[in-house]
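Each chain carries a letter (A, B, C and D) given by its place in the written order, and its residues are counted from 1.
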Amino acid sequence: MTAMQSPAAPTAARWRAIVTDPIFIAAAVAVAIVLVGQLVSPGFGAYSQVVGMVRVASFLGIMAIGQTIVILSGGDGIDLSVGKTATLGAIVAARIMDGSDSRLLLGILVPVLVGAVIGLVNGLGIAYLRIPPFVMTLGMTGVVAGIALAYTGGAAAGRSAPALTGLVNNRGLFDVPGVVYVWIVLIVAVTWLLRRSVAGWNIYAVGSNRVAANLSGVPVRRNVIMAYVASSVFACLGGILLLGYTESVFLNLADSYTLPTVAAVIIGGTLASGGVGGYLGTAIGALVLTFLTSLLSTMNMPESWRTITSGVVLLVLLGMYGRQRKLRT
Amino acid sequence: SAPATSGSPAASSGGDGPFTIGVSNAFVASEYRTQMIDAIEQTFDEYKAEGVVDKLVMENADADVNGQIQQIRNLINQGVDAIIVDPNSATALSAVFDEAISQGITVIAIDQAVDSPDVLNVGISQQDLGAASAEWFASAVGDGASIVTVEGAAGNPATDARWAGAEPVFAEHNIEVLTHGDGGWDQATGQTVATDLLATYPNVDGIWTYDGMAQGVLRAVEAADKTDSVTVGGEARVGFLRMWTDLVDSGSDFASVGVINPPGTGATALHFAINLLQGKELDQSKVTDGHSIILPLDTPVTNDNLADTWAGVSDQADTYVLDSILSADEVAQYFQ
Amino acid sequence: MASLDITGVDKRYGGVQALKGASLSVAEGEVHGLLGPNGSGKSTLNKVMAGAVRPDAATIRLDGQDLRIHGPQDAHHHRIESVYQQLSLIPHLTVAENLVLGTEAARAGWLTPKAQLVEVDAMLERLSPVLGGGIGPRTRVGSLNPGTKQLLEFAKVVLRRPRFLVLDEATASLHRDQVALLFAMVRELTAEGVGVVFVSHRMEEVLDLCDRATIIRNGLNVATVDVKDTDEQELVRLMVGDLARAAGRGERPAPSRDGQPVLSVRGLQAEGLADVSLDVHPGEIVGLGGLQGQGQSELLTGIFGASPAQAERIEVAGDPVEFRNPRSAIAAGLALVPGDRASEGLYSVRSIQENISTVTLGRRARAGLVIDARAEKEAATSQVDALRIKIGALADAVSTLSGGNAQKVVVAKWLLSEPRIVLLDDPTKGVDVGAKAEIYAIIRDLTAQGVGVILNSSDDVELAELADRVLVLYEGRIVQELEGTDVTHDNLVAAALRISDDDTKES
Amino acid sequence: MTTPPQTTVGAIRDGSWQRYLTFSLSTWVTIGLLIVVTALNVALQPTFFTTYSLTSNFATFAPLVFAAVAQAVVVIGGGLDLSIGSIVALASVVALTVMDGEPSRVAIGVLAAIVTGVIAGAINGFIVGVIRLQPLIATFATNSVFAGAALVVLPKPGGMVPSTMTTGYRSLVIGIPVSVLIVVLAIVLYWLLSRTRLMRHIRAVGGDRSAAFASLVPVVRVQMASYIVAGAFAGLAALAILANTGSGDPFVGSSMALDSIAAVVLGGIALAGGRGSGIGAVAGAIILAMVSTVLSFMGVPTTWRQLASGVIIVAAIALSVVMSRKDQR
């Protein structure tokens, strides 16, 4: 009955739909933070500073790719092991590269494989033993931390390849570091894959109703496992880029990224219960979180109040659109 | 060993061993702590060869204070004679220390001083470290300069102590501190925070920082192309020394300082523990506030001795911290 | 005489105007039918009375007094109680805990269950002849079958001693015996002066139980009639208007059963199923009859590879196959329209188009990987047109559709896969007469193309109308087979009842 | 309706003692795990049953035990509380400040801890129940707020707990360690709670929120109440920590949120909500605490210990989850 749509109404309705879209709100908030930042501490809105923040956001953003897929895949999906997996990825990469460009490729490949194995274990436990993702990945955090400790003997060694450091730290075209371009390519690719590939639609199908997906011939378990594999792989990739940022590695390099990846996904408008959302929103969510942290760190404010403020801002942001269905509709 | 009489810290009435030593460390995801533990193990092995000690019990896992209390109780339950502890809190372990001491166990705190009067603190003074670093920094930026800081973490005792040492120095030199950044003792965070601060305070004369953050801050300053105009407080750690050396080698007149916070204190503390277990009495003139041994700071790394220092450690991992351990003989000097 | 009058009810859901000034007036002591096609707004109207939906406008009067109902508790306060179309039992609580939920006796917050348990016991005793064995106050509700759950839902509400009682498709999952008991209890209630609103798509139930009936269509009142002055044709005409199409036995030649069966199952074993064998020939509709919950659904999901089952042999058009999962069954040309469309058939938050695409997505994709947006849209549109699915836009979430239209979406996604064998599990449950006729027509179309169909239905009339053969199941076994002209409503009832007489349960 | 005939169904009635002996499968798993770790502990630690050992072991269990019961109430109600740890920290520093080391003010301190927990719980409950934010992300945000607030109240570790509390916590009452009695108190409190209408409603809401709403359960109030009750238990956990440490620390309890969730799962409580008992969570907390003790007494090399404990916990959780699923059939 598409024909029945009246031609006059849409513009207003379309605007409403856009303005209430989480992605739009999140993007508006990101811009607002930069503007407020520029007012409060001049220089915060400068081109190079914004580029710098986008660069820092790219680590969170890339680690959150897998988190997006995992949450989209439903079944209370969440990956609490991303932070620790990213750290392990960086540790392995640093040990292999050890400051030499000739081992760059190997230094990327091996950690990514390690990530795939971690994701596979997560996925198998969740898909076959049906352990709730929250506890499975929480438990794996301990295991991965243990592996990192055993592997390093308690002291991480090695350094990133200069080419990697250059990619992250040197400014390229338009004074923008290469890592930001890598992220942009990933944003386009992941968004496109989710919306326009059979694999992407299957993730949405699995995320919105697993029983129905199974009965429609969508391989549910395979999709769930792949989601967790993707999560760990992108976590490792993020960890490797973070290694490029710091050049040397340490045992808790990326640990604190876990919950921010979840927050980025939710701020980006992906439904926590799965089946609805996408990566573009997550990427903007990562920008919002990074801009906010940066703004707070430049303000002369005790750490206690910074912590409180970031919590309150997150709540306000989610209150604008992250609300769940009302019981009395 | 027999129960302790009260009085001076950690007095044990002279057993003959071999002794069992317990170690409690509640933060493992740290290269600094690993280096500390390794040094303890090495020194322990030397004593073991001499038959002075027989067993080393390690409680080494990430834990909060409550977890560390459990670690110490585990050590008590395993019948150790002495506990060397890197405490998570200056005060919150007091009650469990009392439990240990009342069972005749010698307790020594390293890296971070505790309040319990019966526990012997062994280590450098974090406040002195802060002051030493600030002295060099103040002279580098000059009187009346404006700076920002990237420090450890709010509410963290070492952060507070270092600032307590630095603050009067900066005040004396009329140096204005525009804001305090929170670097979370973490290189990546330090780098990000320094980048943010450089954007909003583009005219600062220096960034005072220390520990792992220093390398991150220097990277941020380098990225902003300001190594010649912004002074960076440094750290005696291989990663930082490498960047520093590279800068100097490339002809920059970049200058910095690395005050040494030696992880080897743990091994030094083991010497103290053995002496106490063997019933030796501390020379009270070398004890501060009744229960603390304050080890002298080593000569800091500056541009003057950078090349020599670097030559000695250049093949270590980036996270390696410049170290020093007192020998058994040196420690004996602290006893009557 | 006391009455509950609700007038001028408006309710809009996004782009859908569910109710436009609808009204309903129930007198005490009467059973008032509320009829209308799927999506006409019956449930919405009921939920407004129950406090579960916030209307855009409404006037509610009880005994002439204006009433505001802000939530289910307000309704309960005025002793207006509802059985929702969607079951509202808590799976992990016990039968007794569910029956008193929300009305637990307590002193200063501490539960005092003694007295209430006596009432619960009495209610369970009353229901016991049709409840199924082994169900006591401490049975957990989660594992019970839909019919039992629906009865418990009814019992829960009756225990609250309503003055006005709303029953929204409360008989949809019930078997004949259960319906009879429910009717008897409703009549007792009305004799005591309770006013009852009764919603059902089964005309014979309405004609049997109701005194008056209000018919709504597209959220508007069409008529209120005295049921004794009217007949089924009239009610259907009021409900579906000129679109009315009698759902009679279509002219369909009896399929030949000489050739190769399109599906042949030998010795299928599964939980709730013992050694079932059957053949389906091209163009044949094989019905599954008997009391509900005797293994019919398990048989369908077992064949489809959707639940753990072992078979000695399954052949599709003579080729031996093994279905370990639905994917392999689909590849062999099977399709399953599951019994519970909301939880098993649809991705409610996703678009209509994606729901229709899901089974055959890979076929239209470039290289099996990249979605061709045009092809997707064309495929979905073709099905929407062919099945006359009433939608806003293809991109709307499927949750915006009414029950019947949602069911058609489930059918549509399977038609795209051009199946050889279609397994239908109660495909018209909760579907209105108009849509029902359309679904029947679709099934007949399929058989005309040589598709074999297995049809499980809780509705004997439906089996009588559609099936060429009916296999009657009891406790997971095929105990009887009715064929050709023997497939009549009466024979089906008899088959089911004779079996239930064999049951050792005391009556 | 006519008076019902007396029935046989009524003969087996609530309150009959047999009921307490019929455990579900997952309860047996929890009990089995508890027995195994206790046996290992006893075997490896010959002093286990000495008064000091019992006192000290239970003294360290108690805080996590209360936090686990708190988490259990929320999880059974279909929620999740990532802020438990910082509620504990906040309640402890508030109580510490209120008591100011005065033995005469212990009672006010106890009250202050519980009230603080209740207020924090009410904030969580309001955000999850009334504003309807997704619990995981909402309590992640409030976690920042409470953690910051704790830092505001007590900017750095310090302060003295009245000696009556610390010594009382380590003493014996009629030969039984007080710390053991306190763990028993947690069990008794939960048992009392489970007899209330509120807890029945919490289970109903956790089982199916909209069904509970339709069944006259005041869902929003119940959700709020579940967080408030959890807050009160967190307040008790704070008191146990104060008594155990004898001093204040704004960072205490940082690992408690995730540990309490692991404890809840080990205790056979489904994260999906509606099922399980807080008493299982008590057992789960004790199991978790004892695993680390066992590993230390076994002398596992420290670099491998974290890996070993991670693997053991994942395995135990898997066992517990798989068995509790079998229950459902």
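We take it that a residue touches a chain if its C-beta (ideal position, glycine included) is under 8 Å from a C-beta of that chain, and two chains touch if they have at least 3 such contacts.
None of these values were measured; they are calculated from a predicted model.
Counted as hops between touching chains, the shortest connection from chain B to chain D is 1. Across C-D and A-D, the chain pair carrying more C-beta contacts is A-D.
Chain centres here are Cα means. That of chain C falls 43 Å from that of chain D.
Centre-to-centre spacing of chain A and chain D amounts to 31 Å, using the average Cα coordinate of each chain. Note: centroid distance chain B to chain C, computed from Cα atoms, is 72 Å.
With centres set at the average Cα position, the gap from chain A to chain B is 35 Å. Chain B has residues 28, 37, 62, 154-155 in contact with two or more other chains. In chain C, 52 are the positions where the chain touches two or more neighbouring chains simultaneously. The set of chain D residues touching two or more other chains comprises 151, 155, 210, 213, 302, 305-306, 309. If you check each pair of chains against the touch rule, the ones that pass are A-B, A-C, A-D, B-D, C-D.
Chain C makes touch with chain D in their complex at residues 50, 52, 72-73, 76, 82, 84, 86-93, 96-98, 101-104, 106, 109-111, 113-114, 117-119, 121-126, 136-138, 142-143, 156, 158, 188-189, 192.
Partner chain C is touched in their complex by these residues of chain D: 1-2, 4-5, 7, 9-10, 12-14, 195-198, 200-201, 203-204, 207-208, 210-218, 274-275, 328-329. Of all residues in chain C, only 13, 51-54, 70-71, 304, 306, 325-327, 330-331, 336, 338, 343-350, 354, 357-359, 361-362, 365, 368-371, 373, 390-394, 413 touch chain A in the complex they form. Chain A contributes residues 76, 78, 80, 125, 129-132, 134-136, 138-147, 149-150, 153-154, 259, 262-263, 266, 272, 302-312, 314-315, 318-319, 322-328 to its touches with chain D in the complex.
Chain B makes touch with chain D in their complex at residues 28, 37, 57-67, 69-71, 73-74, 76-78, 89-95, 99, 103, 154-157, 160.
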